[in-house]
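Structures for review follow.
After this come two complexes, each holding chain A, first together with chain B and then together with chain C.
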Partner chain A sequence: MDLSQLFNVAQLANALALASLLTILASGLALIFGLRDAMNFGHGAFYMLGAYLGYSVSNRLSFWAALIVVPLLLALVGAVFELAVLRPLQKRSRMDVALITFGLALVIGPAIYKVWGTAPLSVEAPPALAGSVQLLGTMYPVYRLFLIAVGFGACVALALWLKYTRSGMHTRAVSQQPHIARMMGVNTDRLSLLVVCLGTGFAGLAGVLAGPYLSVDPGMGASILISCLIVVVVGGLGSIGGAIAAAVVYGFIQVIGTVLFPSLAVLAPYLLLFVVLLWRPQGFGRGRVA
Partner chain B sequence: MNAVAAPPSTASSPTRARVVRSGASSRWWLWLLVVAIGVFVPKVVTSPFYLSLVINGMILGVAAVGIGFLMHQCGLVMFGVAAFIGLPAYLVGLASAQLGLGLNMAVLLALLASTLFAVLVGALVVRARPLPFAMLTLALAQMLKSVATLQAMRPLTGGDDGLAMTFNGTFLTLTQSELAKPAVFWPVAWIALCAVLTLAWCAGRARFGQILRATQANEERMRFSGFDTYVPRLIAFTLAAFIVSVSGVLIALNSAFASAELLDFATGGHALVAMLVGGGGTVGGPLVGALLYTWGQDAFGATGHLELFTGIAVVAVIAAFPQGATGFVLQLWRRERKADHGGGDAARGADHAAR
Partner chain C sequence: MPDTTRRTLAAAALLSLAAPFSFAQGSGPIKIGLLTIDSGPFASYANLIEQGARTGVDILNAEGGALGRKFELVVQSHSGTPAAAVAAATKLAQQGGVSVLMGQTQSSHSLALVPKLDALNVLQIDTYAQSNDLMTKSCAPNYFRVNTPDALTTRMMQDYVKATGAKTWNLISMDYAAGQSFAKGFTELVQGQGGTVQQSLFSPQGTADFGSYISQLSKPSDALVVTLFMSDGQSFAKQAKQFGLFDKYKTVIGNGFATDFQLEALGDNVLGVVNSLSWTAELPGARNAQYVKEFVLRAKRKPFYTDADLMAALEVYRAGVVKAKSSEPAAVRKALEGLRIDTIFGNVEMRAADHHLIRQHGMAQVVKGANGKNEFVMKVVKSGPDIYPPPSPECKVH
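Our next item is the complex of A and B:
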């Protein structure tokens, strides 16, 4: 076993590429959980919808158009989701809402197969991002660097919004103390419409970004959902900072595991989950305990 | 069926306790009679198609009863049911092929090992609150699926191709080819189902069940009152996992085949949906749901939109009937009785105590 492989720049970048995808998704999931107190098991399906829409839009127009249009479309889906599902059900138990979103995932999946078929599709990276670039002595695909940049850019934007705007402050307040925030005059319904749209829009963004990186196939929603849930639980439910940290750790563990123990790498995330829950049941962040 | 479908009500007053106890022995005889008559169903229904359809429903029902028990008594929903369906199924095959055990021993070993595994996992996961619990069990199922499809495990589990089993010897005098016949397999599935229903019903009615429901209602208060809340929940999880394992063993016996599909998210989804559609509030509810679900699978399966209908069913049932089909019917029945006699309050009170 050559340990120097671990500190390879390419491996590092691979870990970050996976992490940035997960960060985008998990922060959306954490946002929705914080505000609506609902674990959205349909998040994987929204991501898959984003990827398939991204495939269609990049074929018709261009990848760049898809990057703008698809998150907006998904935000629209999010608005419907908030108004038709989350808002009427806010008095119901957490488990009921979780199960309904799970049911929605079962509906969205087949609806997608109906439109696009079940064969895996591939999305080409735009010409500007195709090919490789010299990165500290190794060749590395440009697209993955772009993915890392967009992923972490989106997270920075999210963090700035949360920290420096009034609506961001309200979001933080509601995530931590929903009742008190409401008593202080925060309109949670209006806020949650914004936040759920943002969360699903992020899922759409992740879907489009995943297109050229992974393939667009019917199983992508379920597999990423599990990773996302692990990230959100490890990061601390409802904590966005925790989710970002956990996504980075997840990416590194996954990639390092692949280098060191190729056959056991698939188990690494689950081990991470169990270890973290034993050592610190509330997760990394200062999220509300669910 | 009636004796089982009744909600496990806690005795709310001394008089009520006496009434229940004196009625209990006659109910037991009735139940045993139903079990005994049920064994002979294949003599009346000879169509192998309908028999195997109902057998599939019963196997699914066993799993649904297990998770229904856990949900009703502890408020924990096991999303990763598939873990305890697939694991014992694989274990039966592995014990037969790798250890060369006879079929009886293989079944016993699979049940024991799966239950032991549930104790180990349960010790970790029942500490979690309901939502993280759901996700942890989901992750567990996914983890087992990854293990089963690992390249290194291919010689043992057959990877994505699945594991075709060749049994050594017989299971309670039934050979492998006989187990595959619906008419011969029926008594095995029926008796397993009845045993599981009885087990869940007794556990729910015992003091153990009362402690579980009280813990679910107010864990802190139970701890203040000097009750250990962790061990009963662990036992409940283990019991539920054992019941689900029975369903996995039944699948292995009937089909002599285990595949990674058994460990899939979707397999667990079937049992979960069946339990929710039927209603977890009663012991028999999940079974009703499983039979309805299997029937629906047959009816909609041909159209190719099975998952779509399943999803719609889940959303509709949870949104409109949170107590499931049996819960809804029971509610109607109670309201009717209250209108007739004006005495529904006591029953409702007892029911409320049971929740």
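Our next item is the complex of A and C:
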């Protein structure tokens, strides 16, 4: 057990890189839950679809093109998801909607295997991000620093949109007091469409960013969904700020667990969930979509 | 319901239950059960395993099968846990009517299956699991193995490790049976040669981000050994390249890490890595050359070592059936013990004491080929009798 690893700048950056990816994904999930009151168990499948589309677009055009095109494509998928699934089911119970989104994941997964096959695919970082830089005496991959910047930048942009724009204000209003917001003239249907598209677009962005960082393989959706759900619950259901804080804590817990207790590291996120639910069941966040 | 109708129905039910067994033992095709994994890091290569097995079965059937009967492959996939493997094997034995099992059986799966083989009345001819326990305390009468166990890989590495001159080692291995078993054996090997293992890390199966492991492995050391498989190995290779990890070591050795069927996907991330490799298409022998030719014709690709292990398992099984003049597991088991068989590996022995096929193993390095594609170059090949450890007194197969 080497405790100096905990203060190693590379390990700190590793924690932030993982946190960054989870933040993007969890923000999207929190948005959808916050506004639609729907726990989307298909979010991991959307992320996986984004990663596979990112692989194809990167190969045909470039990584930079994928960074723009794929979130837009996933936003379109989100529009279909909202209009064909969430809206018709909005009067059904939360469990019904959750189960249907779970079923959606079971359909999207095999569809992806049919198109791209089951072998893991490799997405390389673009040349500008392919090398390493000196980070306080340690060589560290440029791409991970890019991921940290884009991930947290996207979430800051989301937070600014929620706080300072009209549509952001409407989103917060509908998530906290949907009936009053409707009475005040907010078009909740149009807002729901916008928010769900944003949520799935974020899943697509996370998928593209994950390609050069991790591996594009058939199990990626299921494995990250569990992490994402932990982050959303620990952060407070529907809270973006809480999700960001929870993702950072999650990233550090993972790294600390790997260094200090390697054989128990896989349990670390669940222990975090357990402790937070006991100590502060509402999570870190202040409220829904805040 | 009249008595005669009841009796007729009961007789029909009994006959229908017995039918799979009667076909398995007497006439009709000889059914071979193939276990594959449909989720987790190993799922990506399930299709490859199935294709390798089907091609092997087709080749043997074209040669006439055994005892005038053709072989038939019955495939059953499962989610990849030991319990799921046992359930799938049970289904193959009881509903599929198979006499023998093979396929994608990780060490933990085989260790779970071995105690059940007798009750299921099937043999298992393993082509996948590497754990040393399967040739020591977890031996069983109905269990046979044709692929190379960890002990063999460690032994192969012994000379290579000495030749590198490396004194300090870092290890990263999968955190389950195969990884733990190999790490233990390799640590003993290094210590036996006066070296030290500075770090021995274990990562859970399905790890996506190896960053924290790679950062730990950046501590100075002469050499690195990587025992990570399938998509975990691919993720690690890519991320290690991003961190420039392999450049920090004089030598990087892979165990199941840089495999031939993943070489294209791994790309330049594993250039220079030396990996244990038990078979290549270029190994000498007329039977091997014929197999490669037939395989390419039928499967439209070159065979990998996993295909070769499956082919050898099928050849071993055929030889046992022919000698026993039956596909009844107890008879085939007895026939296989001590049998010398002509396989694609050459004329090799199925050792009676522990049911292991005494076959070759080697070490190969990933280099850039003349055509610009990465390929393996064999650095050393040793024949089975030179490298297999003697049978363990813990192994009880009789």
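The rule is short, and it goes like this: the second predicted complex is superposed on the first by the 286 of 290 C-alpha atoms of A that agree within 3 Å, B and C clash if a C-alpha of one lies under 4 Å from a C-alpha of the other, contacts with A are read in each partner's own complex, and residues count from 1 in each chain.
Convention: a residue touches a chain if its C-beta (ideal position, glycine included) is under 8 Å from a C-beta of that chain, and two chains touch if they have at least 3 such contacts.
Small disclaimer: the values here were computed from a predicted structure and weren't measured.
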Original post:
Putting chain B and chain C on the same copy of chain A, do they fit or clash?
Top reply: clash
Subject >> chain B versus chain C as contact partner of A:Ser263, first or second or both or neither >> reply: both
**OP:** Figure out whether A:Ala159 sits in contact with chain B (first) or chain C (second), or with both, or with neither.
**Re:** neither
**OP:** Check whether A:Leu145 is in contact with chain B, with chain C, with both or with neither, and answer first, second, both or neither.
**Re:** neither
Subject >> Contacts of A:Ile224 with chain B and chain C, given as first, second, both or neither >> reply: second
**OP:** Classify the contacts of A:Met169 with the two partner chains as first (chain B alone), second (chain C alone), both, or neither.
**Re:** neither
Original post:
What is the contact status of A:Ala105 with respect to chain B (first) and chain C (second): first, second, both, or neither?
Top reply: first
**OP:** Pick one for A:Ala17: touches chain B only (first), chain C only (second), both, or neither.
**Re:** second
Original post:
Looking at the overlay, does A:Asp96 come into contact with chain B only (first), chain C only (second), both, or neither?
Top reply: first
Original post:
Of the stretches 218-226, 254-262 or 272-280, which one in chain B hits chain C?
Top reply: 254-262
Original post:
Which residues form the common part of the chain A surface touched by chain B and by chain C?
Top reply: 222, 263, 266
**OP:** Using the touch definition up top, name the residues of chain B that touch chain A in the complex.
**Re:** 75, 77, 79, 124, 127-132, 134-136, 138-140, 142-143, 146-147, 150-152, 265, 269, 272-273, 276, 305, 307-308, 310-315, 318-319, 322
**OP:** Flag every residue of chain A that touches chain B in the complex, lowest number first.
**Re:** 39, 89, 92, 94-96, 98-100, 102-111, 222, 226, 229-230, 233, 237, 263-264, 266-267, 269-270, 273-274, 277-278, 281, 289-290
Subject >> chain A - residues contacting chain C, complex >> reply: 2, 5, 8, 10-11, 14-15, 17-18, 118-122, 125, 130, 132, 138-141, 143-144, 213-215, 217-220, 222-224, 254-255, 258-259, 262-263, 265-266
Original post:
Can you name the residues of chain C that touch chain A in the complex?
Top reply: 39-41, 43-47, 175, 201-202, 204, 206, 208-209, 211-213, 215-216, 218-219, 230-231, 234-235, 238-239, 242-244, 265-267
